[in-house]
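Input: structures, listed below.
Here come two complexes built around chain A, the first alongside chain B, the second alongside chain C.
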Partner chain A sequence: MKRLLAVALGILTAIGGFVDIGDLVTNALVGARFGLSLAWATLVGVVGICLYAEMSGRVAAVTGRGTFDLVRERLGPRAGLANLVASFLVTALTFGAEIGGVALALQLASDVNYLLWVPMVGLALWLVLWRVKFSVLENVFGLLGLALVVFGVAVWMLHPPWGDLAHQVVAPHKPAGEGLPTYFYYAIALFGAAMTPYEVFFFSSGAVEEHWSAKDIPIARVNVLLGFPLGGLLSLSIAASAALVLLPANVTVDSLGQVGLPVAIAAGKLALAATILGFVAATFGAALETGLSAGYTVAQYFGWQWGKYVRPRQAARFHLVLLLTLIAAVAVVLTTINPVTLTEYSVVFSAIALPLTYLPILVVANDPDYMGDRVNSRWVNALASVFLVVIVVASVAAIPLMIATKAGQ
Partner chain B sequence: MSARRGPAGRGPAGREPAGRELFVHLHLLDRQVVDVDGRLVCKVDDLELAMDERGPYVTAILVGPRALGPRLGGRLGRWWAAIATRLLDPGRDPAPRRIDFAQVTDIGSAIKIARRTDELDIAPLEAWVDRHVIGRIPGSTHEGE
Partner chain C sequence: MIRRLAAAVAVAGAAAALGGCVAPAPTLSAYESKAARTAHDALSAVETAQLAFTASQQGRLTRQYLGVVLSESEDAFGSVQQTFDSVQPPDAGAADTMRDDLDKLLSDGSDALSQLRIAARRQRTADMAEASRALRPVATGLERFAREHAQ
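So, the complex of A and B:
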């Protein structure tokens, strides 16, 4: 019974923890402009994250080593350092976007300008990172994030033409008013939002934090293979609600309020309250994950003691990196850059950085020296190789498309 | 290159067969070092080798920016090592910190050593950050999980 509860908790937190500011903004933005004609990009991204998160969790459970520990081992100090700089910057950028997201959600709830919330959000994040147990921070925000299920409820209450929606998903058709480069630029953004590298850093390092061993692999696999697809469904319902309400009204999404607008229209005030709670929980939880991930990557490259399973004094350099990254991320948001714009860039840069994380994981997951008989099966390798091609194509195409479309305008 | 773990008779007695063949790049360099309590110590930033009549063998794990700097190479590597020397160890012998290879008890996905990390004096930055920043914040000694 206790084991069943643990599995259920894991799945629920995986669903609630799947959606972050990148998923919220990108799905609503794309839904309002392209309907569900880009749903395939989210679906592909979800399959990819399932595949590689399972791999990184398995590697961590078998070897006890976090992802970046192995990145340096496989790439050597020089290429590893270049990878560290890029991965750290993308993660820190995402961290800033999440902090801005929490502040925007609090602005929605309070009518107090988000810039006033930013320092308080920063302080709250630091207190949680400093004092709260890993298992608590992982579970509480994941569960509260489930409030975003109201997006699914809203889609249901809008009585959509289901056949038409399904047709848009299975037979994608670019809307007439949009250019092909823009269409693919947003496909890459959705892909990046679903596969953000920090999710893998966090998942693998979390496995080490919670002292997983090989016997935990089946539970981890269930969490990933059920939780992430259901989280992906949540992402799709955000896009669908925008497609049903905002697209016909010609509303473009440039604030978090517009992301929640379809819920307010379809399901009323209480549902809107749940939406805002979900926004706060999902972005705050993701801010904790990205902040920790930034610290994990640096500490694992240099071999420092890291993690919340030891006292802060026993991982002093790790906690210093956390603190400095937090201060820098808060400072970036306080420049008054629009957090929604920051989010859009963070998901595209995530897509660009994907091969840096995913290639080393694939290599190590195939190394019997580390993995023994837990190496990838043949079909996992076949699928992962196909994905690696997709990841590289998306990564290479992202910058030219960003320039050609002026970042999707 | 490959290097023996130690010439016959000089390996850590009873723990590993002395003279195991290792591939330095594959099994040692850049691998995580873990202490006797399971705490993370450092990465193998570089290795100290010695020669005898049977070829080269490993005598110590070298740790820290002055070991890593030369392996990074170029201006960045020199800068890396120089800054560490200036800031952390002014006036000290500029040789990198070392862990004697006789302390190594196991070479797997991590390299285990027989000592505790706080006995080793290999991480001056950790000590400085602990003393001046993290140790001064209230709650810094509360239990982990």
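So, the complex of A and C:
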């Protein structure tokens, strides 16, 4: 019974923790502009994140070591450093976007300018990262993030033409008036939002934090293979709600307030309150994950003691990196850069950095010296190789498409 | 490897900067395209405000949420207007006509959005309804303008 509860908790946490500011903004933006004709990009991203998250969790469970520790050892310090720099920069950018997202969500609840919330959010994050146990911060915000299920309820209450929605998903087409480059630019953005590199760092480092061993692999698989797809469904419901309410009204999403409007229109104030709670939980939880991931990447590469399973005094350099990244991220948001714009760029840059994150994981997961008989199976390698091609294509195409479409305009 | 990565980061940064830039419109066609885009973006801000107002009238939105959404719509509208005003129109009568038509809509929309935001923060329902009514012809005009000048 206890084991069953642990599995259920893991799945629920994975669902609630799947959505972050990138998913919220990108799905609503795309839904309001393209309907569900780009749902395929989210679905492809969900399959990809399931594949590589399972792989990285398995590597951590078998070796008991963090991803970057192994990447540096397996690929050498130069390749490892390239991987580290790209991953750290993208994670730090995402960290800033998440902090901005929390502040924007608090603004929606309080009508107090988000910039006034930013330092307080930074302080709250630091306190939680410093004082709160890993399992508590992972589970609490993951579970509170489940409040975003109201988007699914809203879609149902809007009485949509289900057949039409399903047709958009299974027979996608570029809407009239939109260029093909713009269509694919947003496909890459959705893909990047679903496969954000920090999710893998956090998942695998979390496995070490929680002292997983090979016997925990089946539970990890269930969490990933059930939790992430259901989280992806949550992303699709955000896109669907925008497609049903904002698209017919000619609204282009450029603020978090617009993302929640369809829920309020469909289900009223109580649902709106749940939406704001979900926004805060999802973005705050993701900010914790990105902050920790920034610390994990640097500390693991340099071989420092890291993690929350030891006292901060014993992992002083890890906590210092975490604190400095937090200060930098807060400073970036305080420049008054629009957090939604920051988010849009962070998901595209995530897509650009994807090969540097996922290729090393694939290499390590196939190394019998580390994995013994737990190396990737043939079909996992086949699927992972196909995904690697998709990842490289998305990464290479992202910058030209960004220039050609003026960042999706 | 590090140099290549640094170059990639520099290219990505330049791409981001280029992505956000607004170029001048040297030809009538380019100017018309920018005008249509402006009308489309302004319409989005107006329709967001209208959706929020309608939801609040039905008791589906909190006062705080309404205030934020209306302020953001007003800011977005102002930003679109300012960007369009900064574009140098080509030396052609058609461009001047286009600019005058759109300027009128943008000016009316800006006034009505400000009135709506002020009335909402003062919780004056009748004034909000009046501002919302004033936004309707603006929305219709912007939609027509965007459709007629779409390329």
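Just so it is clear, the second predicted complex is superposed on the first by the 409 of 409 C-alpha atoms of A that agree within 3 Å, B and C clash if a C-alpha of one lies under 4 Å from a C-alpha of the other, contacts with A are read in each partner's own complex, and residues count from 1 in each chain.
Assume a residue touches a chain if its C-beta (ideal position, glycine included) is under 8 Å from a C-beta of that chain, and two chains touch if they have at least 3 such contacts.
Every value quoted in this text rests on a predicted model; they were computed, and no experiment measured them.
Per the definitions stated earlier, placing chain B and chain C onto a shared chain A by superposition produces no clash, and the two fit side by side. With both structures placed on the common chain, the touch criterion links A:407 to chain C but leaves chain B unconnected.
In the overlay built on the shared chain, the residue A:264 is in contact with chain C alone; chain B does not reach it. Using the contact criterion defined above for the overlaid structures, shared-chain residue A:311 touches chain B, although it does not reach chain C.
Panel annotation: after superposition on the shared chain A, the angle at the CA centre of chain A between chain B and chain C (CA centres) reads 130 degrees, nearest 10.
Of the two partner chains placed by the overlay, chain B and chain C both lie in contact with A:81. Remark: least CA distance from chain B to chain C after fitting both complexes onto chain A is 10 Å. Applying the stated touch rule to the two superposed structures, the overlap between the chain B and chain C interfaces on chain A comprises residues 78, 81. Chain B makes touch with chain A in their complex at residues 26, 29-33, 39-43, 45, 68, 71-73, 109-110, 117, 123, 125-126, 129-130, 133-135, 137, 139-145. Across the complex, chain A is touched by residues 1-2, 4-5, 8-9, 11-12, 15-16, 18-21, 37, 40-41, 43-44, 47-48, 50-52, 54-55, 59-65, 67-69, 72, 76, 143, 150 of chain C. Chain A contributes residues 78-79, 81-82, 85-86, 89, 107-111, 177, 245-246, 249-252, 254-255, 257-258, 260-261, 264-265, 267-269, 272-273, 276, 341, 345, 349, 352, 399, 402-403, 405-407, 409 to its touches with chain C in the complex.
Residue ranges on chain A touching chain B, taken from their complex, read 62-65, 69, 72-73, 76-78, 80-81, 130-131, 133-135, 209, 301-314, 316-317, 319-320, 323, 369-370.
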